[in-house]
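Naming follows writing order (A, B, C and D), and every chain is counted from residue 1.
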Amino acid sequence: MMDINSIKKDFPILKKQINNTPLVYLDNAASTQKPNQVIQSIVESYELYNSNVHRGVHTTSMEATERYELAREKVAKFINAKSNDEIVYVRNTTEALNLVAYAWGLNNIDSTENIVVTELEHHSNLVPWQFVSQKTNCELRIIPTTPEGTLDLSSIDKLITESTKIVSIVHVSNLTGTINPIDEIIKKAKSVGAKVCIDAAQSVPHMPVDVQQIDCDFLAFSGHKMLAPPGIGILYGKTEILEKLEPFLRGGEMVKEVTYSSATWNDIPTKFEAGTPNFIDPIGLGVAIDYLSNIGMENVRQHEKDLIKYALDRLTEIPGLEIIGPTNPEMRGGVATFSMNDIHPHDIGTILDQRGIAIRTGHHCGMPYHKKLGLSATSRASFYLYNDYNDIDKLVDGMNDVINYFK
Amino acid sequence: MLPNELNDLYKEVILDHYKNPRNSSEIIEPLHKARGYNPFCGDEVNLQLNVDNNQVIQEVGFQGHGCAISQATASLMTESIKGKSIQEALAIREEFRKMMQGEQSNLELLQDLEILEGVRNFPVRIKCSLLSWSTLEDSLS
Amino acid sequence: MMDINSIKKDFPILKKQINNTPLVYLDNAASTQKPNQVIQSIVESYELYNSNVHRGVHTTSMEATERYELAREKVAKFINAKSNDEIVYVRNTTEALNLVAYAWGLNNIDSTENIVVTELEHHSNLVPWQFVSQKTNCELRIIPTTPEGTLDLSSIDKLITESTKIVSIVHVSNLTGTINPIDEIIKKAKSVGAKVCIDAAQSVPHMPVDVQQIDCDFLAFSGHKMLAPPGIGILYGKTEILEKLEPFLRGGEMVKEVTYSSATWNDIPTKFEAGTPNFIDPIGLGVAIDYLSNIGMENVRQHEKDLIKYALDRLTEIPGLEIIGPTNPEMRGGVATFSMNDIHPHDIGTILDQRGIAIRTGHHCGMPYHKKLGLSATSRASFYLYNDYNDIDKLVDGMNDVINYFK
Amino acid sequence: MLPNELNDLYKEVILDHYKNPRNSSEIIEPLHKARGYNPFCGDEVNLQLNVDNNQVIQEVGFQGHGCAISQATASLMTESIKGKSIQEALAIREEFRKMMQGEQSNLELLQDLEILEGVRNFPVRIKCSLLSWSTLEDSLS
């Protein structure tokens, strides 16, 4: 179905040697590697089509603009947006969520109302809402988790109420791998008239996501987590909402008419793209989307389901190792987070690194959830389409070495 | 087999200090104390000191949790500063810092701490090893 | 002194053919081309050092972090900042100015106070201050211009007063090329205790700029206007000010400790870099700075002074052509803006493009100033270190053709 | 020498319409009017129309400024719609749009407007050529 060996060949960094062993890259939830196709599209952009976009009458500027807008179309199709205008280019998920918090949150919520997030949020979908809550004096409500690391929806009717203005939730957790039941939550949110914002940083890269089907108002993700360069993220927003929204960053491009005392705004999505945009990285994202679409997002998801199942099975063999998050692969993305009785994640990370195995250790931008678990740090191996069972075997061998060392 | 550099990092003595930290009982109502915390790693060191009239460290206690390097360093540090004057302790601190940065350092002052030399091959781990020393400094200031 | 022919060879796009003639790229004020050195550093970053930065214990992440921070050091040295911590990575000048407007402006100005800008501002240094003025009800004061397109400082004592909180001015205008007397203005601002923010988008790329010598509080510029990729811009801020400043974007990385209800902030500059940063483009900026430093910014400036002198001389030969802005090359960057009696800039741009000559036409993000001139659009040829007299001759030949066509 | 495509764009007839716009006097108190404005180019077209009881355009006037293409198109448009019914004018508009997008278009309806066909080789200039037509539509809605 997926020929992982030939996929691996597309990624030049996988030939890298660390301590004379090939790199085993298992830090994909943090950021993914780039295939030759993406790297070459960037070189081509610089060598042939490098120019500021929009409003240039010269050939190179027109070509750059065409490529820049074609990439937008690819993104729109990839998540099934109704229109290209619903795709706003930003730097990353964090900027996208801040845009929603500043432009929508600060202008639409008052002190009698509330915002709902979950205990599984990444700091980037928590701290901006804390800010809105402080500025507007509104309440920030938090959907709790079960001991297994899934959302506890038993009190959802008390949390999402008539006074809820927005429900902003993570689709797939980078902490536990949990695939959250967003359909159910969105249904509840819609029933009370609340807006819905989805942090899709760990879902859009790893599984089919259809914004019309899930019917969210906003959705955010990052190119660097899906084979694309780190300078491009996406905020999806429904046309009706983006059209009414205040702008966020202000300056060149996003205006229609400007006098010394006031300005009017350009049409969406340009209204939200102030200044010279990063006009190279979206093209890389377009190529990354082509790459993923060729393989098929259903296949990517199935592959990661196979990997996480194998990884959880093998890791639980290791004495003293405890898996964080749900163990059912149907409810879990390709994120294997774990802790070890007496061995600190940093020591694990250092020893694995000496064997060429790259995992992430720390709180993974989820300090409050770690505090809740009574842990200050965990270890996390996360997979993508170029990983295989062999990579997991190496991880397990490495873990056995860690244990030998510390026993 | 682990590569040599790792063997230098996780020497038996270091792991022994990690598993069996010395001077780990808490001193109640100490003259000096401080908490060192690195939120990114979660490494934590709580340090208590009592000095006599001559500013000589007579009692030292630490409790903490975190990686082997941070906790073993703390344990080794408490051993090395006990019985030393505050000034001497701070001089050791300075030599330790030099060792971590690959500068010439005074091994006579460092004594057992030399065993931590291998940390400097792991740049991200150096701060683990410096945590207890900055906590020492905080406790005295 | 500067061997332009060998410099040209470093820029692959200059081999591009448009209508079977080589590209003559004169749109540098909008965005510049990239030398092989920069392009190759990006390829190398993807192929060998691609990883999320900070807090990774694995080798690739450490290497990426080292390169990312080394680039910051290069930027700090390039503008002579006191410390690397004074260099905040953003996307572009526009984001930098918005950061100052949101984080400093909204929190430090009240309705009895005022902000001072100039008539020569780019939209990016005007519209954010209009926003602050509207939100805080403070006054927005505007330093006028002389008919020659220089600042008219005769009423400066009435504009910059004890109630002025910040003076935010463009160093070199992208509209008129004017090099503004910022020393004089900064001295005045400091004498009333106002903060100073410099829009250096058109100065840092083209001449030596020393932030300690000019003694500004904030300074903003864009990598894409100085041989670097379009995903990196710089906000310089004095340590004391950045340390006291509220954060702007919120999320991962920029925090120290987070609970479900509140958060504390990381040290500068990380406090202002929320989420996964663009960890590739700063490295390209570092290489671009090496490239410029090898040539020497004094030499870059001298070269552009020679070019603008020649360009103004030759362009004024053309009947009906009117130069916008000062004609003294000492007071002008390498920006030749002009209008033609009866021929619209768009027609000029199209005809020149057919000869491979890329200029920009329109209002160049300076609508209010164009309105003041009674023009809706102008033509602009702007130079950089790879341009030579020959490029200007081609521009003039092209203009003569335009005239023949329309006569 | 200018390349062929440019010759197609800046045909003599087009430049003549640019320099000597037809129907350029303003109609005072017209039945229909609108202003078209593209802030990025600064192109502007002000259009006035009078129709009779049968919805036939009897009088048309335009004033504007901007590039040769926007102004010549406006001039040519006024000539082509004068004496036509509103419905016919809108049909011509549709054929013009098709021509710009490279679709099959009805040259009988377009008549003299066919001369603007060369614009479609210059994608950024197409909107210059469409400005007066969207203004026409605005004036009638």
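Going forward, contacts are C-beta pairs under 8 Å (C-beta built on N, C-alpha and C of every residue); 3 or more make two chains touch, one makes a residue touch a chain.
As the structure is a computational prediction, the values presented were derived from the model and not from experiment.
State the pair with the higher C-beta contact count; candidates are A-D and A-B.
Counting C-beta pairs in contact, A-B comes out ahead.
List the centre-to-centre spacing of subunit B and subunit C in whole Å, with centres computed as mean CA coordinates.
Each chain reduced to its C-alpha mean, subunit B and subunit C end up 48 Å apart.
From the mean C-alpha coordinate of subunit A to that of subunit B, what's the distance rounded to whole Å?
39
Counting in whole Å, what is the centre-to-centre distance of subunit B and subunit D, each centre being its mean C-alpha position?
From the centre of subunit B to the centre of subunit D is 82 Å.
Can you pull out the residues of subunit A that are in contact with at least two other chains?
Residues 55-57, 257, 346, 350, 362, 367.
Scan subunit D for residues touching two or more other chains and write them down.
In subunit D, residues 39-40, 124-125 touch at least two other chains, as defined above.
Could you please write down every pair of chains that are in touch?
A-B, A-C, A-D, B-C, C-D
If you look only at subunit C, which of its residues touch subunit A in the complex?
Going through subunit C, the ones touching subunit A are 12-13, 16, 18, 23, 25, 27, 30-31, 33-34, 38-39, 42-43, 46-48, 50-52, 55-61, 91-95, 97-98, 101-102, 119, 122-128, 130-131, 140, 142, 222, 224, 229-232, 249-255, 257-263, 274-281, 346, 349-350, 352-353, 357-362, 365, 367-368, 371.
Can you check the complex and tell me which residues of subunit C touch subunit D?
Going by the criterion above, the answer is residues 19, 342-347, 350-351, 354, 362-363, 367, 370, 375-377, 401, 405-406.
So in the complex, the part of subunit C that touches subunit B is made up of which residues?
Of all residues in subunit C, those touching subunit B are 55-57, 62, 256-257.
List the residues on subunit B that touch subunit C in their complex, please.
Listed in rising order, the residues are 39-40, 123-125.
Taking the touch rule as given, give the residues of subunit B at its contact with subunit A in the complex, in rising order.
Its residues touching subunit A are 2-3, 5-6, 9-10, 15, 19, 39-44, 65-69, 122, 125, 128.
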